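Right after this note come the structures.
Two complexes are shown next, each including subunit A; its partner changes from subunit B in the first to subunit C in the second.
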Partner chain A sequence: MRRYFGRKLLVYGLTFFMAVTVNWLVPRLMPGDPVASMLARARVAQPEAQEALRVYYNNLFGFDLPWWQQYLNSWGSLFRGDFGISLWAFPTPVADLLTRAVPYSLALLIPSILISWVVGNRLGALAARRKILDNTVLPVSYVLTATPYLWLAALMAWAFGIVWGIFPVAGGYSFSITPSFTWDFFLDLAWHWLLPFASLFLVALGGWAIGMRNVIIYELESDYANYLSALGAPQRLIRRYAFRNAVLPQITGLALQLGVLVAGALVTEIVFSYPGLGSLILAAIQNKDFFLLQGAFLFIVLGVLIANFIIDVVYVIVDPRTRVGMAGASA
Partner chain B sequence: MRTEALYFAVRNTKLLVGAGIILVLLGIGVIGPFFIDKAPTEYVGMQMQPPGGEFWLGTNTFGQDLWAQFVHGLRTTFLVGALGGGIAAAIGMVVGFVAGYKGGWVDEILNMLTNIILVLPTLAVLFILNAYLGVRSAGMQALFIGLTQWPWAARSIRAQTFSLRGRDFVDLARLSGVGSGRIIMREIAPNMSSYLLLTFILLFGGSILIASSLDFIGLGPTDAVSLGLMLQQAHQWSAMHLGLWWWFIPPGAGITLIVGALYVANVGLDEVFNPKLREL
Partner chain C sequence: MTLEVDDLRVYYRTLKGDVQALDGVSFGLKDGEILGLAGESGCGKTTLGKALIRLDGRMKHVGGSVTLDGETLPIGDDVRMNPYRFKQVSLIPQYSMSAMNPTRKIGRMVRELLESRREKLDLTELHHRLELVELPKDVLGKYPIELSGGMKQRMVMVISTLLNPSLLIADEITSALDVSTQKAVVTTLKGFRDRGFVKSMVFITHDISLTNQLADTIMVMYAGKLAEKAPAATVVNAPKHPYTQLLISSLPEVGVRYADKRLTGIPGNPPSLLNPVAGCRFRDRCPLAFDKCAEEPPPVEVEKDHVVACWKAA
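Entry: the complex of A and B
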C-alpha cells in the first residue's frame, strides 16, 4: 500500500511541478510581449506615463531579474498564496477573486459528478443484457455523451429559462437579493443552481451508463459468473457480484474523466453566467488578464490533483487487493 | 479476413448509420463551400431572418448567412477533429508501442510522462497556451489538442503491446534478428490494427468536443469559422434572449451529430472486428 501511494504521490507531485513550470514558461515563450499588450490596453498616450507603466509591469512580472531567479520567485509567491493582482478587477488580488468563485464551482461539480456517477452506473448495470432497456438506454447515452456541455446548457437555458420562463438564466442568485443566511436566499441560490447542475449531470450520465454496461457484460461472461449460474444461484445475486467488480474500473474512469468534467463545468458556468471559475476565466480571457487566468489554471490543477488523491484513497478502501500489495490498480 | 470484415461491415446497422451520417456531413463540409460564393462572415442580407427562403438557416443580428457559416464551420470542425485526433493517435501509438515493447526503464519514463499528462486537466493547459497565442489558426488549435490528448491512447496501446510481445511469432521474429522498429511495424501493429482504428475514431470525436469548448470560451481560431465559434458568437450577442434559436441550435446539433455518429460507428466497427460482440 505504501508503494501504491508513494507512486501516486510522486506522479501528482511531478504533475504539479510541471503545471507550475508550464505556467511560468508559457508567457515567456509565446510570441508577443504581454507587457506591451497590457500597455496597449491601458491606452496611455503620454510617453512618460507609458514608461512608468512599463517599469511597473516589468516589476510585477519580475522580468528584469535573471530567469532562474524569476522561476524561484514564482514558487516563492505561490507558497505565500500570492497569485498577483487582477487587472480586470484591479486592485483585487487574484487569490481573493478565485476563492470567492470556487465555492460556486464546487457546488456545481461535486453533486453533478457524484450523482451522475451513481445513477449512470445503476442505469448501465440495469441495461446490460436486457434487450428492451439496453435498446433505449444505450442510444440515449450515446447522444448525451456526444453532446457538447455548452450546447446542452444553452438548450436548457433557452427552453426552461426563456421560452417557458421557469428558471433564471443568469447569475448565482437574484440581483435583488443580498447574500445572507436566510431561507429565501438559500432557495434563490438553489433555484439558480438547478439548471446548470441538471445539464452537467445529464451529459456526464451517458458516459457512465455506457461504461458500466460494457464492463457488466464482460463480468457476466467471466468464470465466476458462469460458475455461480451453474450452481443455480439466482440471477440477481450474480448481477450483484458482477456490479461490485465492475465498479472498480468505473472508479478509475472517474479519476480519468475529472479533467473533462471540470472543463464541462467551466463552459456550463459561462452559458449560465454562473459566478464560478468558468466565468472568471472568460473575463480573464476577454480582458487579457493573464494573472487571473494563470491563477485559475493553478487552482484547477490543484483541485484535480486533490480529487485524484481522494479517489485513490477510495480505491484502496473499496479494493482490498491494493491494501495487501497485490496487483489491482496500476499507478 | 478482409472479406470477412467487409461481410459483417455491410450488415452492421450501427456502422452503416454512423458512417452514413458522417459521410453526409463531411460531404456538406467539403463540397458545400464551393456552392457558396460569398465569405461566411460577409453581411449579405436582412438581419435576424428566420430560416427559409434565400437563407436556409436564416441570418444573425449582423445579417450574416448562417448556412454559409455552418458549411464552412463543418469543414473546420472536421479538419480540427481529424488533425487533432490524428496527431494524438500518432503520439499515442509511438509512446504506447515503444513503452510496451521495450519495457524496462524506457517504459518507466514513458509511463510516468503518460500518467502526468493524464492527470493534468488538459483543457486548462490549452486555455493558457491559446490565450497567450494572439493569432490562432485552426491547424494550431488541432496541433495543441493533439499534443495533450494522447495519454489514454498511449496507455491502452501499451497494455495491448505488452500482451502481444510475449507471443511466439514475436519471439520468432526477434530470434531471426529483426530490429525492434520492424517488429513493431510488421508483427505487433497489424495484430491490433482494428484497435488502433477505434482509438483514432474516439480521439477524433474527443478533439471535436475539446475544440468546441475552446471556441466557446473565446479561444477559437481567429482565421476561420467553426461550429464552436458560431456557438460562441450566438452566446456573446445573446441569441438566446433575442429568440434567434436558428443561430445556436444548428451548430450544436452539428457537433452532436458528428461526435455521436463517430461513437456509434465505433461500436459498430467493434462488433465487426470482434466476433464475441456480434449479434447474429
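Entry: the complex of A and C
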C-alpha cells in the first residue's frame, strides 16, 4: 500500500515539475513583448524616459536575467507562494487576483462535476433496464455529450438571458450589489451561478449516462449475474451488484475526464463573463500577462493533480481487488 | 422418482427460424441417482441442463413437461420458476472461475444471496461443508480473486448445494480442469450425494470416461434427441445404439498402442437442427442405416432400464 502511494506521489511530483516547466516556457515563447506593450500603454513620448522605464520594468520582472536564472527564480518564488505581479492589472499581485477568482471556479466546477457524475450514473443505470428510457435517454445523451461547452453556454445565455430575460448573462453578482454576508447577496450569487452551472452540468451528464448504461448492460450479462439468476436471486440484488461494479470504470472515467471538464468550465466562464479563472486566463492571454497566465495554469494543474490523487485513493477504497493486489494473493 | 421429464422440447429462436436443440426427450431420475449426460457439441445436452433451471433469452419452451418431486416446474416462466431455483433445483455452472461477484467478500455474498431468498445462513453448517471440500473457514472473509481456480470451483460447489436441492445440474464443470482436479471434483460430487446434500444429479459432460466414474446411469444424446440411456456399465460395455458404439470405440484404451491401430472417430458432422429432416437424425453417419431409418425410431426399453432409440437395436 505504501509503495503504491509512494509511486503515485512520485508520478504526480514529476507531472507537477513538467507542468511548471512547460508553464514557464509557453508564455515566453509567445510572440510579442509584454514590456513593450506596457510602454505603449504608458504613452511616454521622450525616448530617454521610455528607455529608463524599459530598464525599470525589465529589472522589476526579472527579464534582464539569463533565462536559466529566471527559471530557477520562478521555482524559488513558487515555493514562497509568490506568483509575481500582474502585468495586466499592474500592480496587483497575481496571488490576489487568483484567490479572488478561484472560489468562483471551484463553485462552478465541483458541483457540476460531482452532480453530473452521480445523476448521469443513475440515469444510465435506469436506462439500461427500461426500454422506453433507453430509447429516450440515450439519444438525448448523445446530443448532449456531442455538444461543445461553448455552444450550449452561448445558446443558454441567449435563450434564458436575452430572449426570456430570466437570468443574468454576465458577472458573478449584480453590479448594483456589494458583496456581504446577507441573504440578498447569496441569492444574487446563486442566480448568476445557475446558468453556467446548468450548461456545464448538462454537457457532462450525457457522457456519464451513456458510459454507465453500457457498463451496466455488460455487467448484467456477466457470469456472476447469470449465476445469481440461476440461483433465483431477485433482480434487485443482481442490479445492486451490477451497479456497484459498474461504478468502478466510471470512477476511472472521471479521472480521465477531469482535464476536459476543467477546460470546458474555463470556456463556459468566458461565455458568461463569470469572474473565475477562465476569464482571468483570457485577460492574461490578451495582455501577454506572463505571470498571471503562469499562476492561473499552475492553480489548474495543481487542482487537477489533487483531484486525480483523491480519485486514486477513492478507487483503492471502493475496489477491493486493488488492495488485495497490493497485499499479494494467497493460494 | 425425483425427476420426470416428458417429451421436453426447447427451441432456439433465430432469424432463420427455430433451431430444434431439444426435440422430445423423456427420461426419469430416481432419488439418489446420478445421471451422466453425454454427447458431442450441439447435441442438446447443455440445452437440457438449462431447461431444467433457467432458459436463456433466446430459448423457447415449446412442449413437454418437467416434474420434480411431484410438482410440475414452470420452466417456461422465468419469474414463476424463481421459488424453485436454488431450493429445489440448483446449478454448478461451467464458469465457476467467474461465478462470484468480484467485489464482494465471499461470506458476505453468500449471506446476501441467502437473505434475498429469505433463508437464514447456518454458519456451522457452512463451515462444516467447507471443511468437507477442504477449504479453510477464512475463505469467507476473502474476495474471489484471492482464491485459486480449484478453490473457487469448490466454493461454488458448496454455495450451489447449500440449501440441499432435490436436483443438482452440473454443466461441463470439469472441462477447464486438469485430470487430477477432475477426479477430485467427481469424488466431491459423489460425497455430496452420499451425504444427502443433493438428492439427484444431472452431470453434463462430453467426457464419457469421466462420466463412467461418477454416474449411475448414462444418457447419450444425439442432435437434440435421446439416443441411448442405460446403467453406466451397460453403456460402456454393451452399448446398443450405433452412435454410442462408435462413441465408445473412439475412446483410447489403457495399454493399447495406437501406433499399430489407428483411433478412429465418427466420420461426418451432426445435422443442422434448423428444419432437420424427418427420420433418424444419425442415419447419414450410421454404418447400419437402412430404409426403415427414414422413419423416426421411438425410444424403446430393450431390457430393464436400457432405452435405445434405434430400429436395429429393438
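FYI, the second predicted complex is superposed on the first by the 293 of 331 C-alpha atoms of A that agree within 3 Å, B and C clash if a C-alpha of one lies under 4 Å from a C-alpha of the other, contacts with A are read in each partner's own complex, and residues count from 1 in each chain.
The rule is simple: a contact is a pair of C-beta atoms (placed from the backbone, for glycine too) under 8 Å apart; a residue touches a chain by one contact, two chains touch by 3 or more.
Being a predicted model, the structure only gives us computed values, none of them experimental.
In the superposition on chain A, A:A233 makes contact with subunit C only, not with subunit B. By the touch criterion defined above, A:D82 reaches neither subunit B nor subunit C. When the two structures are aligned on the shared chain, A:I162 is found in touch with subunit B, with no touch to subunit C. In the superposition on chain A, A:I270 makes contact with subunit B only, not with subunit C. In the overlay built on the shared chain, the residue A:D134 is in contact with neither subunit B nor subunit C. In the superposition on chain A, the chain among subunit B and subunit C reaching more residues of subunit A is B. When the two complexes are overlaid on their common chain A, residue A:P320 makes contact with subunit C while staying clear of subunit B.
The intersection of subunit A residues touching subunit B with those touching subunit C, taken from the two complexes, comprises 331.
Across the interface of their complex, subunit A is touched by residues 111-112, 115-116, 118-125, 127-129, 131-134, 152, 205, 209-210, 212-213, 216-219, 228, 231, 234-235, 240-241, 243, 245, 248-249, 251-253, 255-256, 259-260, 262-264, 267 of subunit B. Within the complex, the subunit A residues that touch subunit B are 11-12, 14-15, 18-19, 22-23, 26-27, 30-32, 34, 37, 142-143, 145-151, 154-155, 157-158, 161-162, 169, 255-256, 258-260, 262-264, 266-267, 270-271, 278, 281-282, 284-286, 288, 290, 293-294, 296-297, 300-301, 304-305, 308, 331.
Those residues of subunit C lying in contact with subunit A across their complex are 53-54, 81-87, 90-91, 93, 95, 98-105, 112-113, 116-117, 142-143, 145-146, 148, 151, 156, 159-160. Looking at the complex, you find that subunit A touches subunit C at residues 222-224, 226-234, 236-237, 241, 244-245, 248, 319-321, 324-325, 329-331.
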